[in-house]
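Right, one structure below, let's go through it.
The first chain written gets the first letter, and so on, giving A, B, C and D; residue counts start at 1 in each chain.
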Amino acid sequence: MSRIHHHPVQVHFGDCDPAGIVFFPNFSRWMDQSSLAFFMACGLPPWRELEKTRGIVGTPVLEINTRFVASATYGEAIMVETSVEEWRAKVFVHRHRVLRGDTLLCESREVRAFVGRDPETGRLKALPVPDDIRLACS
Amino acid sequence: MSRIHHHPVQVHFGDCDPAGIVFFPNFSRWMDQSSLAFFMACGLPPWRELEKTRGIVGTPVLEINTRFVASATYGEAIMVETSVEEWRAKVFVHRHRVLRGDTLLCESREVRAFVGRDPETGRLKALPVPDDIRLACS
Amino acid sequence: MSRIHHHPVQVHFGDCDPAGIVFFPNFSRWMDQSSLAFFMACGLPPWRELEKTRGIVGTPVLEINTRFVASATYGEAIMVETSVEEWRAKVFVHRHRVLRGDTLLCESREVRAFVGRDPETGRLKALPVPDDIRLACS
Amino acid sequence: MSRIHHHPVQVHFGDCDPAGIVFFPNFSRWMDQSSLAFFMACGLPPWRELEKTRGIVGTPVLEINTRFVASATYGEAIMVETSVEEWRAKVFVHRHRVLRGDTLLCESREVRAFVGRDPETGRLKALPVPDDIRLACS
């Protein structure tokens, strides 16, 4: 079992659309915030430090599956619960649950990989999941 | 087979993150733009007109599955190809493919429902897929 | 002198651009969050309640002047300090200062008006500043 | 007189707030798009190329003054007209006008500087306005 990180979010007026509810891409944004907060809670520095010291640029999403259950609106406090469900050799699987109190708003599984820059082309390429990061986050 | 709507997008500096590539929730935003553009290309008015005339507030996403294949950056022109893969009684399934030229960047399946407001509580609730809209978009 | 509301913001990866710093329109977004938080701290309910009870839809910006002094990046905690510098008959002037610790990042003056909907046309129109709101926020 | 660049924008559902109108920070976002489009129309490559060849990272905003005149909503086509009003030694002044047909929605003046990275600290610092860029854009 991985640790669970709790990332609080306050929903604001500008996060909502003309139907008065959260514009759904914002949930992806908040889950991404929670992903980085998860790694920082495990003791990792921000990606810009890891790029200098270890060549890790970030953990882009390869696949994302989200189920939306209930809507939210501005003035509400919600919580993103983030964990790592599975570590594989080259990717890991994030699980996010977004709750308002006990009410599940949406839940998501994301497959992500650690990436660095190819020194010759400058293009992003996948790296094996670093063992020490896996350990620090377990 | 449904019609396919082509929604062009220009990627801008502010759409990209510190890794220099599109911040991924923006792809959801562009697919959502293309969804509404699809319905307007079928002859429907904007949701705010449909709300007055027929009580339809929009088509919120119930489920979304996205696979990211290649990244994009600012200065690039990309295209969202949107269709309806399946019409069911209460929901429909959007398919989006995002391309830069012939290169697939990401593809997505979204399950959406038409919703209106409950006249008593003001809350959003699912409506059956309207037959005429299904016909207009087929 | 008006009360000063303190609105904390955590800067996230997705708030930053390819130069690695906050994409500047996000500062407007955070100041807008702080504006509504200011009014709610004064005891006002969210705009959607005020729309039902008093016909007030919000306080759109008429004019905004911002000076950017220093940049910020993700992983940083910043604070928006918001007050009302002046109440006039039909508008009010917000003052926002965004700080990281003691470092001023940017400051802004916004002229805003309370607006409601014209019952006939449905269009937004300015309302006089309500006396009780002015009092509650002074 | 500088050249005027015309940057078309389609307003989308997700650009609008619960009042049904464009959430105002999006106007800054569209003006920023138009600023870069202006320079690319003058023959400049994207910033990421200029960073490699000349050390120019971008043109961050130092000051912005915007006046909002009329609102816009989704489904509307608008146009940003961008020019350079003044070139000074270390900064330049952008002028943006956002129009829907002949209706002015908002107008803005932005003071911006060209910046590069200090090779020792990696921090952004202002550069003199390059003569050739000034010429290319006049």
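By definition in this document, a residue touches a chain if its C-beta (ideal position, glycine included) is under 8 Å from a C-beta of that chain, and two chains touch if they have at least 3 such contacts.
All figures in this text were calculated on a predicted structure; none of them were measured in a lab.
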{"item": "B-D or B-C, whichever has more C-beta pairs in contact", "value": "B-D"}
{"item": "Chain centre separation in whole Å, for chain B relative to chain A (CA means)", "value": "23"}
{"item": "Rounded Å distance between chain B and chain D, as computed from the means of their C-alpha atoms", "value": "28"}
{"item": "Chain centre separation in whole Å, for chain C relative to chain B (CA means)", "value": "31"}
{"item": "Residue list for chain C, restricted to those that touch at least two other chains", "value": "13-14, 17-20, 23, 25, 29, 32, 47-48, 58, 73-74"}
{"item": "Overall pattern in which the protein chains touch one another (line/ring/star/complete/other)", "value": "complete"}
{"item": "Chain D-facing residues of chain B, complex", "value": "10, 12-14, 20, 29, 32-33, 36, 40, 46-48, 58, 73-75"}
{"item": "Interface residues, chain D side, partner chain A - complex", "value": "13-14, 16-20, 23, 25, 73-74"}
{"item": "Touching residues (chain side chain D, partner chain C) in the complex", "value": "17-19, 21, 23-26, 28-29, 32, 47-48, 57-58, 60-68, 71, 124"}
